[in-house]
Amino acid sequence: DFLGALDEVKPAYGAEDEELQTYILNDILSWTPAIDQILEDGKLIMNQARNSDKTPLVSVLLHGPTASGKTALAARLGQLSDFPYVKVISPAKLVGFSEAGKIQTITKIFDDAYKSQMSCIIVDDIERLLEYVQIGPRFSNGILQTLMTLLRKTPPKGRKLVVVGTTSKKAVMKELGINECFDSEIHVPNISNSDELEKALTLMNTFAPAETQQIKGRIEGHIWVGVKSIIMAAEKARQDDYNKVERFVDAISGGFVA
Amino acid sequence: DFLGALDEVKPAYGAEDEELQTYILNDILSWTPAIDQILEDGKLIMNQARNSDKTPLVSVLLHGPTASGKTALAARLGQLSDFPYVKVISPAKLVGFSEAGKIQTITKIFDDAYKSQMSCIIVDDIERLLEYVQIGPRFSNGILQTLMTLLRKTPPKGRKLVVVGTTSKKAVMKELGINECFDSEIHVPNISNSDELEKALTLMNTFAPAETQQIKGRIEGHIWVGVKSIIMAAEKARQDDYNKVERFVDAISGGFVA
Amino acid sequence: DFLGALDEVKPAYGAEDEELQTYILNDILSWTPAIDQILEDGKLIMNQARNSDKTPLVSVLLHGPTASGKTALAARLGQLSDFPYVKVISPAKLVGFSEAGKIQTITKIFDDAYKSQMSCIIVDDIERLLEYVQIGPRFSNGILQTLMTLLRKTPPKGRKLVVVGTTSKKAVMKELGINECFDSEIHVPNISNSDELEKALTLMNTFAPAETQQIKGRIEGHIWVGVKSIIMAAEKARQDDYNKVERFVDAISGGFVA
Amino acid sequence: DFLGALDEVKPAYGAEDEELQTYILNDILSWTPAIDQILEDGKLIMNQARNSDKTPLVSVLLHGPTASGKTALAARLGQLSDFPYVKVISPAKLVGFSEAGKIQTITKIFDDAYKSQMSCIIVDDIERLLEYVQIGPRFSNGILQTLMTLLRKTPPKGRKLVVVGTTSKKAVMKELGINECFDSEIHVPNISNSDELEKALTLMNTFAPAETQQIKGRIEGHIWVGVKSIIMAAEKARQDDYNKVERFVDAISGGFVA
Amino acid sequence: DFLGALDEVKPAYGAEDEELQTYILNDILSWTPAIDQILEDGKLIMNQARNSDKTPLVSVLLHGPTASGKTALAARLGQLSDFPYVKVISPAKLVGFSEAGKIQTITKIFDDAYKSQMSCIIVDDIERLLEYVQIGPRFSNGILQTLMTLLRKTPPKGRKLVVVGTTSKKAVMKELGINECFDSEIHVPNISNSDELEKALTLMNTFAPAETQQIKGRIEGHIWVGVKSIIMAAEKARQDDYNKVERFVDAISGGFVA
Amino acid sequence: DFLGALDEVKPAYGAEDEELQTYILNDILSWTPAIDQILEDGKLIMNQARNSDKTPLVSVLLHGPTASGKTALAARLGQLSDFPYVKVISPAKLVGFSEAGKIQTITKIFDDAYKSQMSCIIVDDIERLLEYVQIGPRFSNGILQTLMTLLRKTPPKGRKLVVVGTTSKKAVMKELGINECFDSEIHVPNISNSDELEKALTLMNTFAPAETQQIKGRIEGHIWVGVKSIIMAAEKARQDDYNKVERFVDAISGGFVA
């Protein structure tokens, strides 16, 4: 079938893939079928860029709550594309740069992408790249305009580009108008009930089955935590063998910012 | 007749025309008679500049929703003018420039235009050129003032200039007062019902007639999508042969920003 | 009589007069007696500067709607003054300059004026010189303060200076306090009824008398258009012989920004 | 008597006095007893600085409507002080300077004043020096802070300094807090009824007694015009012998900004 | 037990520990069991960083009222970690630096930390580091973005980092969104009743038991003072032997900012 | 007694003491017992710094209405400390400096203070040092943050520092949060009734006893004037022997800004 073709493709090896891997430190756990659908939709977009001359530029925005796993999923999409050029633009790489330096670096990454026949750029944590803060609000209009323009700039003849953005502030993206610069959007969900939590803990393997059931009993009903926070809470709990379940529940229900 | 004279004119060949062509990647589809009227009105303006010594500067603003085809139409008007100097000022060309650099580049393009006897300048995506964002709101007043002044500056004796602007934010243009700097305005419409959509899909030739009818059946009544989004949705749908109609309808009704 | 003396004066010849003429591309049509009164009042002010040692600096602000003919009238007053130094400060001349560059140029023009015994400076389109935009609002306070100070700076002993300003934003001038820097103000009106329009069209000679009557019939009662827009509409209409009247009426009633 | 001592003092001769004279182009007309009281109060302040070692710095703020004669009165106080150092800080002298340049110039004038045993500095048109504009509002805080600090800085041991400020925006001075930096304030009035106008016109001698009576008849009751505007209106009226009275009344009642 | 392992660890000796000690000028008094819990929780976090490869970056925010002892507690956590690299980023170290200099220094400290296998960075007085002031409000967005990014930047492979922040403006941290960048939060309490005060005074040993009882009698019920202010008040009281109790009560109840 | 020790200390002689003296041009008049209490409280603080190793940094903020004598009292506290290093940071010393220059100078003075074993820094007129103006409001956040940080920075081991601040805008200090940086606060009162005025005038010796009684009769009840304004008014009144009482009452009741 049409998705199968891509599935067989092996992820590229090399320095870039190693970097992509650092964003997936704790694997992609299939704690909900939505995770698989996100990956399928992503493959479709990669194929569109590969196959259509009418749309040489395709872009998608991954949005969802803090710690829900957006960056890891974007990195996985980059791996799945198997494009020769896959690059992540992230706040951590630009730390300490002036606004002009940030703009220059971003522009350079797009220029480099145009040199490859097929490229994928991950624009991670857009609100942080924009230096957004709700008080004011303030943000770098220079970086915003650069991104908005590059997100809509047609690559040179014959070149293809996929852009995958991530954000945990969809409302801000809308206020800034940058959401209109993406062709489509994909939502990344939080873990929201004890069944999903059980599935995730089982896949993680940090707790014994009995401990997992204890936790489930303590949670009762609806929660709202990202997979990244679940991992953080479990690792803290692990340090206190005598109060493991207690520590985990404490951590995800207040001690940790959910 | 008076419009016929221009119709016979062959579009200029060369580097500039090649660039203009990149803005019309998927042709101009006549999915509504309004498209032909826009092109006729544009020719009239070109003739006015050519023939009248009393109005050596004529300008027109193309406005309409995102993805409705404004840039492609402006590029086509540039081709139809057959003027020796036709130039596009677009955000993508100015990306990464400082404000001063942008102002200098814009001014240079107008200065070059004055050297040709008849010139056409396309000022594309004015809100992006102005680095406009609704929060604040913020924008480059330097670029705004430069454009407002150049849009009203009489060319040197004997020279003629037509300026074609495009925007998807007419209300913003009004707030900024730049709409007053254009002599006239032309509206570019979205596809707004299933008959128009059928016409466009038939001209595009991506779907089989039966698929087009299926889509029509699914849409039922009024829609609001730009021709550029229609093409993007069709190309994505093409990647999934087994769910082609489904994917297209999904894409234009929410997945894609309409 | 006292105004006659000036009437006989021939306008100065040379480069400056040629420049003044470019602002009066389509002559001054006497479509209303108010036009003649404006010119008379202007002459009175020129005489005051010439004759009174008590008021070596006199200034007047021409205000009225967009396209009403303010710049052309100011240029004509400059010609009528017959002063050896007549200079126009206009946005188009300062385009692309930095704020400091604009301030320096403006200051230089005043300094040059002080070197001549009698001078006239036209400060055209003050809102544009100030880079004013209603959002914010924003403007160059540096240029504003420079103008406000120069508009009240007494010329050196024995020198005389007349300053003629133009603006289509009288309310803004008031908000900025710059209107208080002018000694007096003169209003430039729009064409506001079909009789005035008939008079203007007859003087323009673009339409046959029968066409003018047709237009009058179509207009019915009150309109609100500047003489510059009338000329623009007539020239566009001229390009379509078969629909001349139709095109003109369309152009002044909406197609064109009135 | 104690005021007499100063009365006998002859105004200093030289370049500075010549400059002071340019601010009093049309003399000080005693159109109301308030004018004499202002001059007397000013002399008292000069004497205080001269005689008291406890208050080596004394300052006074002249405030009143636009064109009421504040600058001319401040210049006259400077002449009356007969101090060896009398200097005017005015916007016209600082035109085109950067903010830093203006601050430097102002500071330099105070530093120079400290070198003379007795000095008088006139700080003219404070709102303009501060580049104040009500929209925003905006102003140079750098210049404001410099003035506020210098207005309260004790001169070196044994030196005396009088500062005379002028403003037509007392409410603004209060908002900015600079009024608190002056030791006292003096109000300069407008001409506010036909008797005061008659007195002023009689002293000016531009109109024949009969004309003055005609004007008085036309005015009827209360007016509100500064002595500077009266002079401007009279000089314009003089240019049209046949409508002299008419022109004067027109000018002070609307044509001219009162 | 699991906490015991760390308890036996001796605090590192050397220059850095000496610096840490300066923040604990008056020891850590156990005036409430909450103090011991804070130290235990801190040790847990240090162990998590040491032992877990899944969470190489762990961060915690100490928040509480002014003078409650946050900085001293953070320094003590740094000592307890026994990591080879422990560094304090404090406003006092950055005083007089430009914004760029501050950002560079902060970034450098994180870069140095990445070079050690296990590191602890104390980010002290975040609101002051950010140059926050509630009027406006104003703050350095450059420093905020730098901290927000570094607080979430994964250390290089195999390296571990613990970040301990302190603030007395938790609401501000939330408005700025920086609280979301910490994995967890710990509250540092004020002394809030006379029993707690008695405990603290007894541990401090500045007052005789009888004096402490007198103070307790004067306080009656609830108070709200930080331990640092208690020490300051006691030291002032000590200077006036005859009114020691009086002076102390005065100082903590109004004379001193509580 | 404990205060006596300091009383015997002679004020230091030399350049710095001479400068301190210039701030006390008209002595410290004991027109109310509150003045003596302020001086006693100040001595206590000096002793605390001298004697306590637990609080090497002590600070106090003198606040009160304009002209109430804050600067003179702060200078007197500096004299009483008898510390080897006493320095005043005042707006007048920083006039014309850039923001960076001001910050550098302030930082330098604190650095110098740390070199002496015991130091006292007077931070005079904080609102002016901060370039504060209520419109906006505007102020130098750079200077504010520098002061806030230095006011809380512990001196190097073994060094002691007392900081005395003055302000007439306590509400502003609170809005800016800088009041929290002082350990304690002292209020400086205005003269507020005719008995206090009589005491002050009697100590000043400018008026004959009969004149003082006349003034008292004219005042009747409550007034609100600073001691500095009283002196200014008395000196002006002295210039007009015939209306001395009249002039004084006028000056303090409106002519002078109270």
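What to note about this one:
A, B, C, D, E and F label the chains in the order they appear, each numbered from 1.
Methods note: a residue touches a chain if its C-beta (ideal position, glycine included) is under 8 Å from a C-beta of that chain, and two chains touch if they have at least 3 such contacts.
All figures in this text were calculated on a predicted structure; none of them were measured in a lab.
Each step here moves to a touching chain, and the least such steps from chain C to chain F number 2. Chain centres computed from CA atoms place C at the largest separation from chain E.
Residues touching across the chain A-chain B interface largely differ between the two copies, under half of the numbers being common to both. Remark: chain C and chain D have CA centroids separated by 34 Å (rounded to whole angstrom).
In whole angstrom, the spacing between the mean C-alpha positions of chain A and chain C is 59. Chain contacts: chain E has no residue touching two or more partner chains.
Because contacts link each chain to exactly two others and close back on themselves, their graph is best described as a ring.
All the chains close into one ring, and from chain A toward chain E their sequence is A, E, F, D, C, B. Of all the residues in chain A, the ones that touch chain B in their complex are 1-3, 44-45, 47-48, 51-52, 54-55, 58, 100, 103-104, 107, 137, 139, 141-142, 144-146, 148-150, 152-154, 157, 175-177, 179-180, 182-185.
Taken together, the chain E residues at the contact with chain F in this complex read 22, 25-26, 66, 91-92, 94-96, 98, 128, 131, 133-135, 138, 231-232, 235-236, 238-242, 247, 251, 255-257.
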